[in-house]
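Before any comments, here is the structure.
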Amino acid sequence: MPLIDIEVIQGVFSDEKKRAMISKVTDAMVSVEGEAMRGVTWVRIKEVKSGDWAIGGQPLSAADVLKLAAE
Amino acid sequence: MPLIDIEVIQGVFSDEKKRAMISKVTDAMVSVEGEAMRGVTWVRIKEVKSGDWAIGGQPLSAADVLKLAAE
Amino acid sequence: MPLIDIEVIQGVFSDEKKRAMISKVTDAMVSVEGEAMRGVTWVRIKEVKSGDWAIGGQPLSAADVLKLAAE
Amino acid sequence: MPLIDIEVIQGVFSDEKKRAMISKVTDAMVSVEGEAMRGVTWVRIKEVKSGDWAIGGQPLSAADVLKLAAE
Amino acid sequence: MPLIDIEVIQGVFSDEKKRAMISKVTDAMVSVEGEAMRGVTWVRIKEVKSGDWAIGGQPLSAADVLKLAAE
Amino acid sequence: MPLIDIEVIQGVFSDEKKRAMISKVTDAMVSVEGEAMRGVTWVRIKEVKSGDWAIGGQPLSAADVLKLAAE
């Protein structure tokens, strides 16, 4: 049953990083809910276009987020 | 930036379990994206009423899920 | 895989009607995608509070919708 | 008022199948809520990228789903 | 067509404030898209339970947000 | 905390119009919730493919919406 949606800005994370997110977030959920729930734990990644996600009215680009991540 | 929504059936998880989900899922995300992103990592839990979540047309109750989790 | 979310205003549909929605919408999906997909077809109903759903800036109450449905 | 979101993996269903989903799911909803509600029944299809939808931590590709559908 | 969902923590905003949000956000959208689109502009408010919305792993209560708003 | 998602059909609004939506909708929210909340007010734009958004079972194209907007 649990459904986990991970929303990020497009172009920030590589496919490899996205696979790691899916795997680690699934494990984190299963560690709380119990191993029997693994098969019904769905995780999805959804990407929002660079520039279409704003904080305080300021659109964030993928480059902005990568700069923040590198700090 | 990352926004993680965890959707579960109401009445399955205690407040304590929900706190653990928030904490562990945040840590899982930060382990991939980098510690600098922790402050902009949002995690939310949303509950769907027992009976309003169906698989293959069969509504699941909180009791059904608890039984599955105990297996 | 398919996930279908049905959003309605709280208080408009009885539990019996919501069960019928789940069943008929599942069957409609399966008629297109094929019977083999039934077991991974999830349908959920989510309710928005009366007054918290607006069209053209005018909040709709459950009563407004029931009046419309009766026309 | 009702809003129905159908989420599928990109590349699984043809445009023709997606049109059929919209038409049949709308009819299914209207059969429960009443014909007067047809004009305010919104149905949308949203696609998640192949590989970005995981079950039990295993990413599903469009090919995986097509194989399942053919069983 | 446009659909705007406003998500807030339950207990932070009065019904009066929520009505003001619906009205002002609708007007803001219409000022960009044109008056002809008002009738198909839907705005909804969705509330997440106090404690079920976390930033950086720290759950926010309605009281936390009210304190922030008063600063 | 507030999260505002604006969903539109792809190809209807230019990047400039989308920037205006983000700016004006953020200001509309802040005018209700108070200036102290600006920094935690997130606004996102999400686009649904032309043809994948239907009203009353009739898919809308970007062209249909542009025609309506011009009326």
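Letters A, B, C, D, E and F name the chains as they come in the text, with residue numbers starting at 1 for each one.
Note that in this section a contact is a pair of C-beta atoms (placed from the backbone, for glycine too) under 8 Å apart; a residue touches a chain by one contact, two chains touch by 3 or more.
Every value quoted in this text rests on a predicted model; they were computed, and no experiment measured them.
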item: Which of E-F and B-C has more C-beta pairs touching across its chains; value: E-F
item: Rotation angle (°) superposing Cα atoms of chain A on chain F, nearest 5; value: 120
item: Equivalent interface to D-F, taken from C-E, A-B or E-F so that over half of the residue contact pairs match; value: C-E
item: Remotest chain, chain F as reference, centres from CA atoms; value: B
item: Far-end chain from chain D, centres as C-alpha averages; value: E
item: Chain A and chain E, separation of their C-alpha mean positions in angstrom; value: 23
item: Inter-chain centre distance, chain A versus chain C - centres from mean C-alpha coordinates, in Å; value: 28
item: Separation of mean Cα positions, chain D and chain C [Å, integer]; value: 14
item: Sequence positions of chain B contacting 2 or more other chains; value: 3, 27, 40, 42, 53, 55
item: Complex contacts: residues of chain C adjacent to chain B; value: 15, 18-19, 22-23, 26-27, 38-47
item: Complex contact set, residues of chain A against chain F; value: 48-49, 51-57, 59
item: In the complex with chain C, residue positions of chain D that touch it; value: 1-9, 12-13, 17, 20-21, 24-25, 27-29, 31-34, 36-37, 40, 53, 55, 60, 65, 68-71
